[in-house]
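This report refers to the structure that appears directly beneath it.
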């Protein structure tokens, strides 16, 4: 029976790489459905995402490819819905957009649960028959609260944690525990307006365009690798709440776009940047 | 004979302002060709730009309007080409765009001269029969060089100084001498990437969108009131020089757009922001 | 007690109109919170939308304003949620976006019901405790089916019918019955790709940008006054189904934007065009 | 000595193609500087653009590659400035933009001459020391005029004819004579508003976005393969001449972008579409 797989290769660049890789595909009689490569000249790093179909064992293909570049990061992925944990606070637009897409089957993912620090969104989430957990932070310090969240998270298997407007700062401990697995939507066109209330900052600065940024979360607040960004025009008539309202449409579209990229294994993280095929 | 004028009013908001102003227009039997108003609620400031036609004396209209709001900033402008001084360094895209528009009669302005700190652009400027002055900065400190530039500038009458990629930092003295008269194009989507080589910064940060910002120059570097901004998408394949190349198209379009706004008296400066009608 | 109202004026232009209108506001001691005017020079038509606050009777204000311009279309609206009827077929993105916004209180509207010609969306709609009616068209001709739909619609009071991807062509009878009340989202950047399957048409034509158009429905298919449009870039790698998928994000954002405009009384219809304040 | 070349392959898709091609590169010890591939599944066509460096004979490389796919269209191009003939009428924005870029060395091209049917642009073109030819059409029929133009064109060697707002319709004879060599900028977002005065059409239709399209010219007016498109927002306040003015910025940027693509051999024509790498 035919298998279809995504082959992801991330390794040091070397002469003949494409030749050697395509030789493996050829000898296994695989069809190449799509293929994207990129070499980062500055760092001499090679990235490749190829979708192949044919009669083959994914593990076998993986080891053969590893023979070519022993220390390469090689993944042969037979697509299946990834598992995600959603985190939110009170705002519904980003979360709601993901719930609708999920309900529609548009998202190649299974939502394990939604975790929030307020119960505002409980009704919405329950409408979609998705488990909702509220872990309020009242009367706790940051570490205590996070420990409770992590305890809960760790009862789930998941590929990604999606912060759909989770309005609390994460500790270094949390971020390290789920490295390269946390996706956040920041409500500004990073690196402009890092930190709290970017719409107010944008309004005070009098900008003519605002935006949103989806990124992997690293230890530096709002500094992780950017996956997707988009913008909309604003004008002097808009108060910061109007900008916030307008910005929500960008936030949700950008987060869902970024999510779709990672769910389809289209994103490589390379230092503080991403390659998005 | 019919006169056509732009009436610009900038004053504290008060009940009945529009009524009193429109009463003046009505009693003078003026036609209102277009009208834009804006009240900044936060600061209680009123802005209005009205184009009127009719048989009237601009000065008389102005004093009558001043009767309504004595401490208002009121200007009645009969449109005529404004005079501008261009400053540049080595790059031709922003300057060239202005020269072409000027040659075409598209710009409602008269270019008095181009002043540069290198002679690279001399040939280009001379093609358009525009006076070109090169004041090299070699072997001078910033103050000395600027003094020479100011001496030259002050031999001209002008409404605006346009920095068409003038790559030197201006001193506080220069900025104050020509307050609200200097327009700059900054090669980034401010306030992201303030300072030198924003394209390199953008590349290192791995952003997915870059932009350009036209703004009035104030004492704080890259912090003046923003007039216009625009952006374009970029991706991982682009090195910073590619971003720079792509960014040039945005820079020139944004600068020319901002210039067209100020030449048409469509911009009010209000603190650190602009109202663009 | 203070009243806040939107004053909408749509009449032939005449000298002194703004003066006479603002005189009424002034004498009633109303505050002007925001004000937009526009004169269509070609047709000599005047449009104004003013938000006023003060102590006044809306009806009284309305009749006083009518005194100024007897045949003007004048509306003094004290904002309250408008009632809408949604119509859909099988796709959930546009409908879902409206449902989420509605659940969030973001939409200043009350959804009376959703009417569909398939039952696909029933589960989704019921999640939001909104009445769902399925009127299948199988075995009926267009007129028969529509009659049933109209019978149902007429049991509701409503301000607008929103076609959230209702994939059936409406008869002239239907359109006339609800003139200026039906809003549609067309899945293309009109007037390009009128008619069926615009994404397929766009793909075949090899365009580099696709879009969506929200418009009032008139008798001419896809020819009604445009309220809002937006676009996204596409490329050669995308098959038409990819374009369709990408286009959905534009469709839902554009429809929701247009809906927000009409719910806030910001749209005037003028012949085959709109003025959006 | 090292050679750098662009390898362009356009052929029927077949299993092992990438393997066989990369084998040739590997055996010749070439470095792959960048590589883009695309397979059009619908038509089973394969496209590849690879930049290689190494010590090799371009002709030899070409014949070896032809050995793999005998009926493939294979080009091994050592980059050098392409020769272009510009055609224009009266408007200077698109032409001027190309002239500035050319003067700046930004365009990898040599402008052979500008041919116009009016002498309006003569002064501008002469400023750049570029030969200008005016062939007025007065008192001639289309065929006569074109014959004169073709006679002149044929005295030049060139790779592309760029219609920088050449406002005359070309005959089938002309188009066929320079197949796949003529690039046009159409002042609308094709396929909306085909034909004359698209800005007037756009204004009458009340669209909220206008655009421009750069495309290869084929026998069907405004129907050739699209190379690049872009758009800007417009609103009810703009008369068609305002739209035209605003549209010019899009036109020139889109034409220059398309020109840069073809000058860098990044465009494959495939039926009525383009693949742009």
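A few comments on the model shown:
Just so it is clear, A, B, C and D label the chains in written order, and each chain counts residues from 1 on its own.
Keep this in mind: a contact is a pair of C-beta atoms (placed from the backbone, for glycine too) under 8 Å apart; a residue touches a chain by one contact, two chains touch by 3 or more.
A quick note: this is a predicted structure, and the numbers were derived from the prediction, not measured.
Between the two copies, chain A and chain B, the C-alpha superposition involves a rotation of 180 degrees in steps of 5. In the contact between chain B and chain C, the residue numbers used by both copies make up over half of all numbers at that interface. Here the spacing of chain A and chain B, counted between their Cα centres, is 40 Å. Distance between chain centres (mean CA atoms), chain A to chain D: 38 Å. Shown for chain D are the residues that touch two or more other chains, namely 34, 237. Within the complex formed with chain D, the chain C residues making contact are 38, 40-42, 189-193, 204-209, 211, 225-231, 235-237, 239, 272-276. Chain D meets chain A in the complex at residues 15-16, 18-20, 22-23, 25-26, 29, 31-35, 37, 39, 233.
Chain B contributes residues 34, 92-93, 96-97, 99-101, 103-104, 106, 123-124, 127-128, 237, 245, 249, 253, 256-257 to its touches with chain D in the complex.
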